[in-house]
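As structure tokens, here come the structures.
In the two complexes below, chain A is the common chain; its partner is chain B in one and chain C in the other.
Now for the complex of A and B:
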């Protein structure tokens, strides 16, 4: 039992080292694709913390991401704070958003909560369009500051954000707290009868998920140099994050990274197909759900445990 | 004058919403499935009706029939290709079936949307009205087609009511929604009941899609928003409660029409969303929901 986990650590360290060396021989274009994919991986991991562990289907991860991204963009534009302060403000805004979402989640089950998250995204989208004077509406807004103009530096920043998030989120999920959270998600009645405060643990999970989503959302727009509804808020993006997390394997956290990179890479490879690329990606995800419900990483882990 | 206009337009739109949501709620009530590809069923029916009616010049009536059949076929395809494999899968834990069905049908809906966009482009289509001309209602010139649509919606909903409450087959549906295990103990094959409810769902959604195409028009981009509005109407009314869905459809329909006429057409979707959040917070089981 201990062997696969030990191997997982070794493999992860090896992958991070190889990933850090990639800028030495990859083109700036491919690095750019991977940079986006890494932020996507953080989105998917934060989503999996809520879905896989807290047992809450969040149909609107982009509510938290968009809240963080637009807060950072607005502060940078209106107040001109330096980037780290904007990102901190984004984390705070997303945290507030996460707590707002957690309130109904403590009272509602399954589909009802899913609908609230869906509506939250639609409302955020409407608010951004209504206040187009500040937010640029459907066109989006540019930010005066960017992280770097060098593709390699941007790539390393994204990799660092991804690695730190992965270590923290994975550590949280495998800690005693993560175990309690999982129990609370799967059987809240039994968990609370064992003396655990279900509401407290779920609130914690929502806060953690929200902060990582908000920070990654803010970093993404400082990399892209602009914030727009199509990139950080739209439901299509929310669906992609869900696909990435489920594809990689729910309840694995790290699977989200694999799913995110796979999804963005597949989008690039299938670019010649035009509109049909979304069709192919969705079909692949559906087949994975039907035939390997544990996802890519979950399937691999289960195989190695059986051996 | 404007008041009457709002009353008339709101009535027709709400009737259409009711028809669009009633199949969705029936499906959940009887088989516990939330079909997030619902918008896909509506738009497939609308597109096929349009193709047959104007592309092949066979007239609106033939087109409407073809559209309903297409809705039925798409519903069966959803059940056979996505829902049943997930329900039967041994690798998926029972308590997670619901989440897998949500994700699976969501993906299926996206596949449907992109396929439709590829075949028919994203341009909105409108099926020609079944009947032309206008009649004045209290001084408001109302298209006859709009009246016909409202009547057709209520006729179909009425037929559904008769089917469920007055026929033996319909009563098995009711029984399945109350106590599926009891029904199997009485010797009924539950999978047959599920097949039946998917058939009824397909016909209802097919009808709604065709009527939508003759009234407001439809496009492949509408797949997601249509699913979202059906989902919100059904939750507002109470999941699984057919009566609640009808009431909720009228609340949403009139709120949207009021906002569109009195405030701005672009803001029409916001008040229903706010009402929905309030209801979900204060009364999670919906207006007429059980539990």
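Now for the complex of A and C:
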């Protein structure tokens, strides 16, 4: 068997404890970078549930994230609900979006579904721009409420969201439901011949992925204090999320965290390079995908399987 | 008739204008094995898919214990008690054999987050029943072919279906594996399950089935005991067609001619496995040479070495030039065209487009001329010109693959197992086409076959390959006496 479960648990707990203690040493600036990276990790994990397990290539993870983020921002602005209610509404909106996305996924094959997800992002982006009066359009909108003004508190909240998401998503993927989902993604005919309702399991995966994406999207804008297309909707962000998940390792869930933190952190470390930094990060991602197609965590797991 | 476990009546399925299944009906009692046989393209696999709900019938009824299930979604049919053993499986790579069997035992519920503890014991019991107990912890990628089939069997019976559908139960298995699979299938009968075996060969399932139903072009042509069906006049015509006769070669290559292809002392290693061991063969200009050998003997490896697709030790020369260091593409351009076992057609392109791609390097005039000649050689391809290659029957795909290779105007055509999985009636058509190539063209052919009856009539010389080595070489006339017994 791969890394014994219990060793994985020990390592994970240790990492979370160390991560929780980081604010004692690190500067507010670095904590800020990590805070964003943690939300990014949730995006990547949610995406891996669809790609790695349900076998659905969603090129537009930011459709679900953006829906959540803008729902929360609009409600906060227009109705002035407290943050937890805004986040709950974001989860609901993303859930509806996820189910809408699942409908074509269950009818279309391969690249066609991928195109639908791309179009979904563009549509959302257009709607935001068209209704600029409410949404701030291309400039974005500020939210009156923020989570906290303290970098440490913001960091801990993000870490908590990440940890809870990781436990739930990883648990889902390793449970019997995850196994059925994987079978349904790999060979739907065979899975249904074993008595599994493939549509039901895929809808469940879309729902779960959407809720986590929406919640993390909403939390991110309450941390940043503003919602803008560049940060939560743009296709460039969608591509980054996909790279993060693939970099970390397909079908590993937790790999998304590693990939997300790596991408965001590397982007910041290389900031002095200016425009070149994006290039360098992309080149590194490309090399990892070329030479370790299983991703960083997937590669490690495979090594331990072979031993 | 007392209550049948599975009763099929008037089943019909159309794909566009093509009637794949027309008015098929049969019933299977508990504890009975029915063989559904027919050549490729006869619609037998479609019948199986219709029963399982993978395809929806256009008309007809399927009753399980008297309840109508036609048109239900597959997962409901599976839960109602029908299990299917697929011929090709796509197992999950990260899961072990035991986890695969456990998967089949899980309830279809979104709320059961932890498996029932009894599942583990049940999965182990099923594994020992089908003979997988020694490989429980292994991943599918490391399993032998027969064990992958056992895994399919294990998954299909995990839910204790009352009807089991088995697609091509013995394809690719060795005689001893066939015996143990037969025993397992007899076990289903003993348990009172109704079993449907789908196969293209009557003989292979004759010993096992209680009754057989033969199909051809979507329709029922005979039904009864295996002996009755095998004796049936129409079945014999469909399966055996005319007899295959040796074609007289107008002129064969002579010993004096320098060899077109010379393979000298070639060895190939796959990791630790010796796939070819010091193999030497020669093919002279305009000669038809057959390399016969069982699956795994090394035929495909030999052809891949010639085509520059695998690294080897030794020398291979083509038209006096050594091929070492030449890329696969350059070798193909030099005139060696391989028509691989897997056919490698462009499934989403039409027949005409596949052929055009094959002749992409020819001038327009030459391409038109070559195409006309090929459509004369394989008239069925003209009828199918606008159809996607993936929708052709197995035999038609093989003809297209050969035609596409010929579009490249090869000097040496390598045919790897052209008869794989084809019904006898198709073999006859292929055989005639090869005979025409043999008698009317200048082409040189290197044919790899496991089917000796097919290979003999089309060879000026035969090599027998066994366990990576050439063990016999000679003219076809001497084959039966000198190598026939050894080969079988």
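We take it that the second predicted complex is superposed on the first by the 304 of 307 C-alpha atoms of A that agree within 3 Å, B and C clash if a C-alpha of one lies under 4 Å from a C-alpha of the other, contacts with A are read in each partner's own complex, and residues count from 1 in each chain.
Going forward, a residue touches a chain if its C-beta (ideal position, glycine included) is under 8 Å from a C-beta of that chain, and two chains touch if they have at least 3 such contacts.
None of the values given here were measured: they were computed from a predicted structure.
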Chain B and chain C placed together on chain A: clash or fit? clash
Thinking of the overlay built on chain A, is A:186 touched by chain B (first), by chain C (second), by both, or by neither? both
Inset, instruction - For A:290, select first, second, both or neither according to whether it touches chain B, chain C, the two together, or no partner. - result: first
Checklist entry - Of the two partner chains, chain B (first) and chain C (second), which one does A:134 touch, if any: first, second, both, or neither? => result neither
Inset, instruction - Using the touch definition from the top, say if A:29 reaches chain B (first), chain C (second), both or neither. - result: neither
Point to revise | Which of chain B and chain C A:246 touches, first, second, both or neither | key: first
Looking at the overlay, does A:104 come into contact with chain B only (first), chain C only (second), both, or neither? first
Partner chain in contact with A:282 - chain B first, chain C second, else both or neither = first
Of chain B and chain C, the partner touching more residues of chain A is B
Notebook entry, point to check: Is A:114 in contact with chain B, with chain C, with both, or with neither (first, second, both, neither)?
Noted result: first
I'd like to know which partner A:85 touches here: chain B for first, chain C for second, both or neither. neither
Clashing segment of chain B (vs chain C; choices 40-48, 184-192 or 274-282) is 184-192
Chain A positions within both the chain B interface and the chain C interface are 186
Listed in rising order, the residues of chain B that touch chain A in the complex are 34, 82, 85-86, 89, 91-92, 95, 98-100, 102-104, 106-108, 110-111, 114-115, 117-118, 224, 228, 231-232, 235, 239, 267, 269-270, 273-274, 276-277, 280-281, 284
Counting only contacts in the complex, chain A reaches chain B at residues 51, 57, 103-104, 107-108, 110-112, 114-116, 118-119, 122-123, 126, 130, 186, 235, 239, 242-243, 246, 275-276, 278-279, 282-283, 285-286, 289-290, 292-294
In the complex, the residues of chain A that touch chain C are 1, 171, 175-177, 179-180, 182-183, 186-187, 189-190, 192-198, 200-201, 204, 251, 305
Note: in the complex, chain C contacts chain A through residues 52-54, 73-75, 78-79, 83-84, 86, 89-90, 92, 94-96, 99, 102-104, 106, 108, 110, 112-115, 137, 139, 155-156, 158-159
